[in-house]
Amino acid sequence: MHDLYRRYGKGLTYTFIGLTFFWLIVLVVLPDFKLLEASFRPYLPVADIGGPKDVYSLGNYAQIFGNEVPFSIFGIEVMIAARIKVFILTIFYSGVVTLITFLLAYPLSFYLAKVASGKTLPTLFLLLFVPLWVSEVLRSFAWYIILTLKGPLNALLMTLGLISKEIRWIDGYSPVVITLVYAYVLFMLFPLYNAMQSLDSNQIEAAEDLGSPWWRTHLRVILPHAKPGIASGAVMVFMLSAGSLLVPAIINSTTGNWFTQTIQGIMLEGQDWNAGAAFAFMLLLFCTLAVSVAMRVFRVKLSDIAK
Amino acid sequence: MSAGIELDNVCCDFGSFRAVDHVNVNIQPGEFFSFLGPSGCGKTTILRMISGFTDPTEGVIRIGGTDVRGQRPNQRPTALIFQNLALFPLMPIWENIAFGLEVRGVDKAKRRKRAEELLALVDLHDSADKMVSQLSGGQKQRVAIARALAVEPAVMLLDEPLSALDLKLRQHMRAELRAIQKRTGVTFIYITHDQGEALAMSDRVGVMSQGRLQQVANPRDIYNNPVNGFVASFVGENNILKGNVQAAADGMAGFETAIGTFKARLPETSAGKAVKLYVRPEHVALTNAAGAENSVPVTLTEVAFEGNFITVHAVTENGTDMIAELRNDGAGSVPASGSKMHMTFDARNASLLPDSTTTGA
Amino acid sequence: MQNSRKLIGHLYMAIFLIYLLVPLAVMSGAAFNASKLPTIIPWKGLTDQWFIALYNDNRIWGALANTLFVALAVVIIAVPVGAAGAILVNSISGRIRAVLYGMMVAPILVPGVVIGISTLLFWNQFSVPSGLHLSVLGQVSYIASFVMLLVLARLQSFDQGLEEAALDLGASHAQVMRRILLPHLYPALGAGAAISFFQSIENFNVTLFTRGGADTLTVYVFSKVRSGITPTINALAFLMIMVTIVFAIIYETRRRRNAAIEASREAEARRAEES
């Protein structure tokens, strides 16, 4: 701080502090506090707000229970609240998306970091970036077109003789997973690439020179080095997937609801903002928890994730 | 135009670490003064205090007789040449040089003209519109000097500006810097850990160690009459013998060691202190027979023929390592490793010095 | 062995690019199909009717104007705010730095739904009605994080000695800022502005909850996809992809030119070194 003052003088230093304060306090911290506060308030007609009925309670949070539906885990059928089921499935399938993006991106990032020639690299990256600049809503729409019953995917598979009857792709969670993977695979690719690129190629050659088979080189040399990148990519993809509203809203089937859609329903259709706040807060809490766990498991810092 | 600088009991602490410890020195206007010392000795901190980037914890700094405490860097009549030069990479050369004028509101045509004059002064014609990345190391050096001169400073502060250059260019730039200093008459304060640089360029040298100024003198006296063991060893090499002073008279003394008694000079500053005997390798001769005085029998362990001189490593009977540096006169034979000979030196070339002196305090 | 592995690499890269680009091609193709449903099969003949329909859709142009307005506002706020945050966090150290940095990065990871709802509720208590102005504030809260990260990375390659040199030559603080620091940061600020702009255009979650009744392009396209789908959206998508490609080509040419200039300068410095 003293250093800042010496370099930029009083006026600029206060400007920097003021702008940062506006951002972090007014735009981030205070709204989150308000979210927490509102989540304990009941849904009342305008006339009753501030009146005797306007007292704090856990009522909004209790709304996640109720309306029990069957839910099978490993073949065992249990009864569970519909919203809890959606919450659990959202997290589960976000995990599935994360895993698939990792499996897709790992070989590619290795290729980009260690195999592709330096000359073609900028061009390859440019090509990879093109879909990223195209709006997410349009990318989801593209998959909607591809996956429809009479769409090009089924037509292609039929022509190739791989299937004899059209597959109903838009059913359950698979269309959401397919589209989320497509939408977020690059968020796994770039951090992985960054991590692998910083690995000295000599280490790989040394391992191979010492007689290590390729899979062991990956397991013992490359994967450990890429760990911060994996953590970063995994956290990004998981958060984006769990928090995505656009993709499931466009391409979901009635049997594949996402938790963000539940929140949207309460907020915009039910117009119960306080209950919406409670559900949003639950999502925020869970996300914070998930990031902390990921940081603990991968033993990385937030600054590693944010690369 | 040029100004003198006084450091009056200056100290600087970083937390509990005392980087500069009671430094007193009076630098004359127009002088080329070097602070010489190993890294971490506090010399860079002194430079930063003079330029205003660091404040002294104690003591007073005067530039041209004015106490400059509280003045910011942009208010002081000093110009600093940074170790990495700190040229602005996004400006062409002439804008770099004229930057100090630009911030003083000088109009563009005048700035351009002055920049070209300065480029001529440092022998860099036709480079005004180039970018920094187009220049060689030596050319960047000159641009940095021109940029500092443009603001017509009373004092130039140079923080090891030659350290990034290769040996040949470094030697060339020494002469160049000295010439520019003479031409402009500006006071130069030069920081270096390279004794050759300091001795070759300076009017006076201040040798520093652990935040303290050990000795301030002209280059000849620094080399020939060091006041303590640190100065003697940091500037040039030495053979060092441990022992005790026996009898002293007329600035000379007998010195008793485990391998015999030697005669050597005893400077006044060493009187009454625990001392060791220092004698430089080039003042040591090798003879086949023992000399009359100051003679040590040795076994040669390594003889390195280096062209203009021959370095001989040897070991005494009690295991003390000795070095002699013999001029190659072309006629004499090169002694063989393993042979037993005698090392002798003149008593006037040997000094009895304490490890360090506590100046100031 | 080495070569076959390389071949697999090239092949995989090619398949991956096809995987990324084919959906865009399918979508663009549907824009030219005379079929009433957005699809490429069956192909019912080439048509430009969807582009004409797009041109005549007034709501979409309104939504586009709104989107650009919001994106511009987000750039204007997020770039200085993010840059100030980066400079601040770069100048301090220790625990406060870690906390401040964490607070600045966290908004990226917060779900947009949460940001949208909290922004709506927070301003609503001061009787600020919902609308695009709230969308701007909500978007800035996390988009500034991207700017912060870009500027911080750029600051790490900044030699602070340059600022000291400028101060030493007599520059004022404002001059140091304008002539030394800002020119160094321009690439990061430019990239930050571009990312802010595109992130804002892309944004759906925050906007959906804060927009009030106003449409942005993403929200409008979303509602079109949800309700009656016509290939008008495909026509829009095709145009957007074309714009993206044009920008990509411009970017690539500029990059190559700058690389060439840089290389020639380095060669000259090497020559100067040798002479």
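Some notes on this structure:
Per-chain numbering from 1; labels A, B and C assigned in written order.
Heads up, the rule we're going with is that contacts are C-beta pairs under 8 Å (C-beta built on N, C-alpha and C of every residue); 3 or more make two chains touch, one makes a residue touch a chain.
Only a predicted model underlies this, so the values are computations on that prediction, with no experimental measurement involved.
Chains that count as touching both chain B and chain C, per the definition above, do not exist in this structure.
Taking the mean of each chain's C-alpha atoms as its centre, the chain lying closest to the overall protein C-alpha centroid is C.
The chain pair sharing the most C-beta contacts is A-C.
Between chain B and chain C, the centres computed from C-alpha atoms are 55 Å apart. The distance from the centre of chain A to the centre of chain B, each centre being the mean of the chain's C-alpha atoms, comes to 61 Å. Taking the mean of the C-alpha atoms as each chain's centre, chain A and chain C sit 18 Å apart. In chain A, no residue touches at least two other chains. Multi-chain contact residues, meaning those touching two or more other chains, occur in chain C at positions 167, 172. Shared interface positions of chain B, defined as residues touching 2 or more other chains, are 53. Chain A meets chain C in the complex at residues 1, 3-4, 7-9, 11-12, 15-20, 22-24, 27-32, 34-35, 38, 104, 107-108, 110-112, 115-116, 122-124, 126-131, 133-146, 148, 150-152, 155, 182, 214, 235-236, 239, 242-246, 249-250, 260, 263-264, 267-268, 273, 276-277, 280-281, 283-284, 287, 291, 302-303, 305-306.
Taken in their complex, chain C has these residues touching chain B: 159, 161-162, 164-172, 175, 179-180, 183-184, 262, 265-266, 268-269, 272-273, 275. Across the complex, chain C is touched by residues 51-53, 72-75, 78-80, 82, 84, 86, 88, 90-91, 99-100, 102-104, 130-131, 133-137, 139, 147-148, 150-151 of chain B. Chain C contributes residues 5-6, 9, 12-13, 16-17, 19-21, 23-24, 26-27, 30, 38-41, 80-82, 84-85, 87-88, 91-92, 100-115, 117-122, 124-125, 137-138, 140-141, 144, 149, 160, 163, 167, 172-174, 176-177, 198, 201-202, 204-205, 208-209, 217-218, 221-222, 225-226, 233, 236-237, 240-241, 244-245, 247-248, 251-252, 255 to its touches with chain A in the complex.
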